[in-house]
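All remarks here apply to the structure that follows.
Order of writing sets the labels: A, B, C and D. Residues in every chain begin at 1.
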Amino acid sequence: MKIKVAIAGARGRMGTTAIEAIEEAADAEVVAALDYKYDGLHLHNASVNDGKLGIPIYTSLSTLFEEHHPAVLLDVTDPDAVFHNVKEALALGIHPVVGTSGLTNEELQEIAQLVESTRTGGIIAPNFSIGAVLMMKFAAQAARYLGDVEILEMHHDRKLDSPSGTAVKTAEMIKENRPPHIQGHPEEQIHLQGARGADVEGMKIHSIRLPGLLAHQQVLLGGEGELLTIRHDSFDRKSFMPGIMMAVRKVIGRNDLIYGLENIID
Amino acid sequence: MKIKVAIAGARGRMGTTAIEAIEEAADAEVVAALDYKYDGLHLHNASVNDGKLGIPIYTSLSTLFEEHHPAVLLDVTDPDAVFHNVKEALALGIHPVVGTSGLTNEELQEIAQLVESTRTGGIIAPNFSIGAVLMMKFAAQAARYLGDVEILEMHHDRKLDSPSGTAVKTAEMIKENRPPHIQGHPEEQIHLQGARGADVEGMKIHSIRLPGLLAHQQVLLGGEGELLTIRHDSFDRKSFMPGIMMAVRKVIGRNDLIYGLENIID
Amino acid sequence: MKIKVAIAGARGRMGTTAIEAIEEAADAEVVAALDYKYDGLHLHNASVNDGKLGIPIYTSLSTLFEEHHPAVLLDVTDPDAVFHNVKEALALGIHPVVGTSGLTNEELQEIAQLVESTRTGGIIAPNFSIGAVLMMKFAAQAARYLGDVEILEMHHDRKLDSPSGTAVKTAEMIKENRPPHIQGHPEEQIHLQGARGADVEGMKIHSIRLPGLLAHQQVLLGGEGELLTIRHDSFDRKSFMPGIMMAVRKVIGRNDLIYGLENIID
Amino acid sequence: MKIKVAIAGARGRMGTTAIEAIEEAADAEVVAALDYKYDGLHLHNASVNDGKLGIPIYTSLSTLFEEHHPAVLLDVTDPDAVFHNVKEALALGIHPVVGTSGLTNEELQEIAQLVESTRTGGIIAPNFSIGAVLMMKFAAQAARYLGDVEILEMHHDRKLDSPSGTAVKTAEMIKENRPPHIQGHPEEQIHLQGARGADVEGMKIHSIRLPGLLAHQQVLLGGEGELLTIRHDSFDRKSFMPGIMMAVRKVIGRNDLIYGLENIID
C-alpha cells in the first residue's frame, strides 16, 4: 500500500517538484492538496491534461482528512502558514514533514509539545539537501585544523530573512569543533557599519540577496597561506527530493519530533 | 639617463618586488631607500651578495636627497607613514608615487594644496593593478543592464580597515551608471546585525578577512535568472608592477596631483 | 494589434517560460504550439485550468499557419528539429526566432539563402542572455591587457555537445583583440590526454558536464601576479526572456538574417 | 639538540620560506645549502645582513655532509634534481624529506629499495598542505552520495606537467568510494578534441595554466539539482610549512619510506 501524502504549497515550484517526485516513487502517492483558495477545483501537474481529473484541492485540512486520510502532510509553504498547518495536522494524527525553515524557537517548542501529547511524530528540516548537510559536516571537521572561518550565503532577493538558517546552523556546528576566538585584526577599523558581516561565536556571516540567485553557501576556512572553501549550490528544488522522500518514508510510525536531515541519514 | 627613484618601504614585500621591477627596467634605477631604521646600512635585494654594496639606507629624506637627488619617491609603506613622507618629498621637489590606499580626504586635500604650491606633481593610486581597474570599469558598464549589485572583497586578516578602498570606489563608479534604488526585499528581516553588509548607495559591500587570503574582490550583478560576476585576484605584488612603472614614468614633468590609475592609462 | 507568435518546443521548460513571458507582454500573444505529437489537444500553461481551453497544438506548421496566421515562429526545440522548422517557417513567410545553438555552418548558410529568396527575416542567437553577451564583450576587451586566456564552461550532463557554442564564440571574439600566441609552458608535458582542454587559437576551453549544473561559463584572464575572472551563470530560463522578447519585436519587418543578440541590442 | 637540516633548492621561493620556518622553530636549524652553483659562497635569507656570514653553500652533498653532518635533507628542487639528491642522501645516511611531486613510479620504487637497503627512512609528499589533504579526504567521502565528479586544477604556466599529481591522487581516492561509472551523456559529441578533459576512472580532470595563478584545485560533485564544490587555494608557500616541519621531525628515527602527508598526520 502506498503512503498517502497531502501537500500544502502544491502550486508553488517546490510543491510542483515534490508532486513529481512522489508520483515517480513506487511507494507513495499525492492524495490531495491543501490550499488557501481554489477549494473544490483540481490541480494539474502536467501541462497536457485534457480529460484527466487532477489532484483535488481543499481549503480545510479536516475536510481533506475525512475524505482522503493522508498519513503525511508535506508542507512546503512559508513560515507563517506552516506553523498553523503543522498544529492542525498533529491534532488530526497526520505526520507533518516540513521543508521550510523560519520557525521560531517558541513555535518549535509548541510543536514539540503537541508531538508529545498526540504521539504523532514529525520531521522538520531547515535543509533537505544531502549536499548541504555534507557541507556543514565537512566545515565542522576542517575547522579543527583551519580555525578561522567566514560564511557567505547567497539567495534570491525574495528571501525575507537574513542570515539564512543554514548559515547559522553551520556556524553552530563549527563552534563545537574549534577553540573559541576572535577573528580578524584585533585593531580592526570598520569604516562602514555592517561591512564585516554578522558575528556568530567570532565567525562572520555575510548574506547576499540578488535577483537571479537561487540558494548558495560558501564556508571559507583560512590558514597561513591557504584557503579551504566548501561550497554548496542548490540550483533546483529537485536537490531536495531525495531528502524529502527519505523523510516521508521515515516519519511513518515515529512518535517523536526530528529536527535536521542529518538525524535520519543512515 | 635613468629615472632616479628613492623607495620608502623597501624592506617589505611590495618594496622588494618594486626594486626588482625598477632594476629590470632600462630607464629607471633605485638610488636609495628611506627607512625608519638601519641608517647607514645597505639593503640587498639578492640573497647571494658577497662583496656587493647594496642600496644605501637613510632615515632622513633630506639627507637622502642631498646625496642622491632622486626624481621620484615611490612610497609603499602604510597610511601612517605615507602622509608624512609625501609632504616631505613635495617640499624637496621629489615627485611622490604612492601605492598605498588609506589616506583620509583631509590628508588628500592637504597633499593637493602642497602639490599646487610646490608645483611638483604626484600620483596616488588606491590600486595599481590594471586587472582591478578593468574590473571596476566593467562592473560600472554592466550595471546599466543588471542594476542589482553586491560587492564582496576578501583580504588577509592583517588588513586593518574595512571595507577596502577599492570596494568603495567600485560602488561609487557603479552609482554613476544605474538608477538609484533600494536592493533586496523591501520587507527584509535582518535577524543578526551586519548580515546584509555595509550599504553604499543601495549596494551592499561585504568584507571577508582571513589568514591566507591576499587581495580579492568580486562584483556580483544579478538579473532575473542570471548572475554576472566580475572577479579580480591579486595573487602577488608583481601584479602592481606594470602600473607602478607607468606611474614612475608619467609623474616626471607633471605638476598636478593624479588620483587613480585609470587617469594615466592610455 | 498584438504580435501573433507560434511556439515550437512549448512543452519544454524553455517553452513554458517563454509562453509566460509572451503572455505577460502587452504587445504579443501565443496563438498556437507546433509539436510532433498531441495534434488537436490543448496546452495549459497554468496548473489550475478547469474550464479553460488552452493553446491549440498542431503537428503541421502549414495547418497551424492557415488557422492562426502567426507572424513569428519562436523555436526552442533542439538542433535537429530547428533546422526543419525554420525552413518551413520561411517558406510560409513566418519570421523565425531561434533560441537554440547547434546549427552547423552548412545549415546556417542554407537558412541565409532561404531568408534572401523569401525576403522573410529571421533571428538566430546562440545565447539570448544579455549577461552572457556582456561576459563575451568584457572578455574580449580585457584580453588586450591580459592576453593569456582559458575558458571554462559548465553545463548539465544532458547537454550532448562540447564545447558549448558560447565558449567557442567567446574565444573567437577574444582572438580579434589579442596578438596570437601559444599559451602555457613551451615544454609542457601532458601526461593524460585531454588534460589541457581543447585549443582554439592558442586559448584552452574546458567543458564540465555534471548533473545539477545549469549553464555557466567563466573566462579566466591571467597576468603576472593577477587573475581577472568574468563569470556568467544562467540559473533559470527567465534570463533569456528579455532577449527573446527583444528578438520577437525586432524581427517583424526585417528581411535579413541576424546572427547573435549583440546585433540587435541598442 | 636541534635537528640539523640541509636544504636543496634554498635560493627558490619555497627554499626561502622553508629556511624561515626552520629557523623560527626551536628544535631545528639549517646548517647548509646544497646547490648546483655558488660553491663556497653564503646564502643570506635576510635582506639587511652587513657583517653576517649566512648559510654556507655546497655543490657536493658528500662534502656538505663531512663538514656539517645534517640529519635531514629537505629537497624543494624540481623532479629532475630531486631523484639524484635523494639517492645520494640515502647513501650518506641522511633522511630525505621531499616536497616536490613529479617522481615517476620507477624512481619511487628505486628510492624505496634504497631506503630498505640503507635503513634510512624518508618522507615524500606530493602535497605538504593540510588544507589540500582535507580537500581530498572530503571529496572522497562526498562521492558516496554525489558520485559524478570533475576535478579542476589551476596552476601558474611555469608548471611543466599536467594534470597535477594532486588531481590524479584525488581521483584515485574518490575511486575507492564510488561505484565505477561513465559520466556525462552516453551519446556525448566532442567537437574539439580535449574539451572534456582527461579521464581517470570515468572522472574528468581539467588543467588550467595561466600566468598569475599559484596552486588551486576544485573538486566538483554533482547531484540532481545541486553541486558540492570543495576548493583549495595555496596562496603562499607558507601553507606547506606546518606539513614540512611535521615531516622533518617525524622522519628522524624512521627506517621506512612514507608517501603522502596523510600517513604522518595524527
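Everything that follows uses one rule, which is that contacts are C-beta pairs under 8 Å (C-beta built on N, C-alpha and C of every residue); 3 or more make two chains touch, one makes a residue touch a chain.
Since this is a predicted model, take the numbers as computed values, not measurements.
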**Q.** Contact-graph separation of subunit C and subunit D, given in steps at minimum
**A.** 1
Q. More C-beta contacts across A-D or across A-C?
A. A-D
**Q.** Cα-centroid distance, subunit A relative to subunit D, in whole angstrom
**A.** 42
Q: Averaged over CA atoms, how far is the centre of subunit A from the centre of subunit C? Could you give it in whole Å?
A: 34
Q. What are the residues of subunit D that contact at least two other chains?
A. 212-213, 221, 223-227, 233, 235-236, 239
Q. Draw the chains as dots and join the ones that touch; what shape do you get: line, ring, star, complete or other?
A. complete
Q. How about subunit D: which of its residues touch subunit C in the complex?
A. 148-150, 152, 154, 157-163, 168, 183-185, 187-200, 204-213, 220-227
Q: Note which residues of subunit C are touching subunit B in the complex, please.
A: 129-132, 134-135, 138, 141-142, 145-146, 221, 223-242
Q: Could you please specify the touching residues of subunit D with respect to subunit B in the complex?
A: 11, 16, 38, 41-45, 47-50, 57, 212-214, 233, 235-236, 239
